[in-house]
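First chain written, first letter: the chains are A, B, C and D, and each begins at residue 1.
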Amino acid sequence: MALNWYRFSSPATFYPLAGRLVPLFGWGAAVLAAVGLWLGFVVAPTDFQQGEVYRIIFIHVPSAWMSMFLYVVMAFWGALLLGFNTRLSGMMAQAIAPTGALMTFIALWSGALWGRPTWGTYWAWDARMTSELILLFLYFGIIALRQAIGDPRRADRACAVLALVGVVNIPIIYFSVKWWNTLHQGASVKLTGSSMETTMLAGMLVMSFAFWFYAIAVVLARVRTIVLERERGAAWVAELPEARSA
Amino acid sequence: MLEVHDLAGRRGHADLFAGVDFRVPAGGAVVVTGPNGTGKTTLLRMLAGLSAPAAGEIRLKGHKVAPFAPELRAAVAYAGHLPALKDELTAEENLSSLVRLAGGTAGPDAMRSALDRVALGRRRSLPARVLSAGQRRRIGLARLALLERPVWILDEPVTALDAAGIGLLATLVHDHLDRGGAAVLATHQALGLEPSRVQSLVLGG
Amino acid sequence: MNHWHFILGAYGVTVLAMVVEILAARARRRAALEAARAGADAPVPGAQLSGTGGPG
Amino acid sequence: MSGMALRSPAPAAFEAAAGRTADGALAGLRWAAARDLRLALRSRAELGVQLLFYVIVVALFPLSMTPERNLLATMGPGVLWVAALLASLLSLPRLFATDHADGTLEQIALSPYPLEALVAGKVLAHWLTTGLPVALLAPLLALQYYLDAGSVAVLVAGLLLGTPILSLLGAVGAALTLGLRGGGGSLLALLILPLYVPVLIFGAGAVDAARAGLGATANLSLLGAGLALALVGTPFAAAAAVRIALD
């Protein structure tokens, strides 16, 4: 069955579809997280060097991956909006920004708490953590720009341009910070030690999927709300069961 | 020359107008009127290609045009609320700058005679800052006379003009229609154009 | 402060942040539904066109 | 009607006018650069004020820390570069905000010349009136930081390559925040400063690398590559942002 993308690109048909997907991905995330934590805390051994604190890796790495992945996805939806003028992609980009910023914050927070016992400080200007901090500023920039622009149409398109300029700059920022870091500090300390235990790797991968499913569930839930906010006057909103009752 | 089909305009959540259809033939004009806030400016900005309509389409010489389309930019002379002048530049510098921006050639004598025609000859080397609103608006009229654009879109062109200025504007528009140009004006001022050439569009009816 | 404090700190804040995000999303959804229930906007004003439209 | 009969070009002129859509991107660039330079020179005082801002910021750091020679020498390049960033940031509203306010930006966007070329011309004028003077003034201010001749040379080379990137990237931010509350100030800084980080790192790092004997060619060539990328990409992003702002 050739999936007709255009049929789903209209908010009215997308709204119920997203409604069915949210619980699916939500529970999926919960199950995956349970398995991941079980792998991470029960199966994975105590590290001879770092003891227990390395277990923070199971949220630090997935959230760092998600923070960059979500920015790229947001830029993708932005490009789609500028290219094809599909309103829904603008709403998707808007829905992603807060979750992306949250993932970046989690990565920074967990990294700091892991760094304190390992390196003695919460912040050590490590290359990855520094670029993560700049990524957080980029997210705040997108969110602040949207708040400053009242009209949703202009906000979508302005944030799309900013996200595209940002996504081109992310690798450049990462490269320049790494360059700066090695010039001043030598190679940064490897967080994960020499070779990854298979169970650690498995735990991290499962947790990454858990984070991914969580992000999809929250973003889809938020985009449904944005659709409601923007299509307030539309007829199909009035007939919605939840809009009619109470 | 310019056709509009089922045009709709929104600002934020508010729908301004919908289902607007009209055709502006060569030599014809449409005068848009209506109470404040009914979207006259929004409609004119759409026709000039500055903003995208919420629905419907705009055709120039039969071809559908999107905002900022090159053919639209080449065909339209747009005069918005603001007279588009730089306070630091003199009247003559402003005029030549705007004409060259529109792709025209701005020889000094053409500038001087254009300014003479709008009774700004003696003030051409004064910075725009010191000119009155009416005088600044006249620089806009001189620009219209110099630009050879088939479609004029004028938003409240009479603001700040005195009686002589309005006469000047009426002559300009009249000659423009004679030459086979088209015009869309948002104004409540009677410009003495032959009723046979003019359509009236009332928004918010 | 042994390692378990830091682990708890990292995981605790993560879960807290996610719960806050979910609650915020639900609150925003309730507000949107309230607004939707407030009824559709005023009818869209039309436009009257008159006059012959000139020669040609 | 009392108005004199106006000269009216023959109908044939309409087709000619339409046909003569100036495809000259260069003509558009020249128009914008010449006009903006003339406007900037007409308000020279404002340019002077912005340069003085650069000078004052650079002088603040020794006052806030120590006049001690070695420390100042190590942090000199960084201070001069951060001050260059802030000077560029402060002068960005001049790019579009005044044109947006007096209606000329609409005429610019509606001109037959490509908007990307007009924006590039405005950015060139902005760089000539902010970035270039900052780069030329740097050697004088470097004296306050006891920088040796070699470091000053690398510093100025870095600034000459880096400040145009600041103007180009800044133009995108300025266009995005047109007409917004706090648009020219903190919002613009939040949007643009993260994007300035690579320029800052390679620019200031060039002097450190030179002093460490590693040579600054790597840093300077990366800045050059960044400039090339910015020259190709940002005019299109800025033009798109202007059109979005005018919508």
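Methods note: a residue touches a chain if its C-beta (ideal position, glycine included) is under 8 Å from a C-beta of that chain, and two chains touch if they have at least 3 such contacts.
Source: prediction; values computed, not measured.
Undergrad: Higher C-beta contact count, B-C or A-B?
TA: Result of the comparison of B-C and A-B: B-C.
Undergrad: Which whole number of Å gives the spacing of the CA centres of subunit B and subunit C?
TA: 39
Undergrad: Could you work out how far the Cα centre of subunit A sits from that of subunit B, in whole Å?
TA: It comes to 48 Å between the two C-alpha centres.
Undergrad: Roughly how far is subunit A from subunit C, centre to centre by C-alpha average, rounded to an integer in Å?
TA: It comes to 18 Å between the two C-alpha centres.
Undergrad: Please compute the C-alpha centroid of subunit C, do the same for subunit D, then give the distance between them in whole Å.
TA: Computed value for the inter-centroid distance: 37 Å.
Undergrad: Among the residues of subunit D, which are close enough to touch at least two other chains?
TA: 247, in rising order.
Undergrad: Do you know which subunit A residues sit against two or more other chains?
TA: In subunit A, 232-233 touch at least two other chains.
Undergrad: Which residues does subunit B have that touch at least 2 chains other than itself?
TA: 13, 15
Undergrad: Chain pairs in touch?
TA: Those chain pairs which touch are A-B, A-C, A-D, B-C, B-D.
Undergrad: In the complex formed with subunit C, which residues of subunit A make contact?
TA: Spelled out, the residues of subunit A in touch with subunit C are 51-53, 55-56, 59-60, 63, 98-99, 102, 105-106, 109-110, 113-114, 116-117, 214, 218, 221-222, 224-225, 228-229, 232-235, 237-238, 240, 242-244, 246.
Undergrad: Show which residues of subunit D lie in contact with subunit A when the two form their complex.
TA: Touch residues, subunit D against subunit A: 169, 172, 176-177, 180-183, 187, 190-191, 193-195, 197-198, 201-202, 205, 208-209, 212, 222, 226, 233-234, 237, 240-241, 244-245, 247.
Undergrad: For the complex, which residues does subunit A have touching subunit D?
TA: Its residues touching subunit D are 82, 134, 137-138, 140-141, 144-145, 148-149, 153-154, 157-158, 161-162, 164-166, 168-169, 172-173, 175-177, 179-180, 183.
Undergrad: Write out the stretch or stretches of subunit D touching subunit B in their complex.
TA: 1-11, 13-14, 16-18, 20-22, 31, 35, 38-39, 42-43, 98, 102-104, 106-113, 115, 243, 246-247
Undergrad: Across the complex, what residues on subunit A touch subunit B?
TA: 150-152, 232-233
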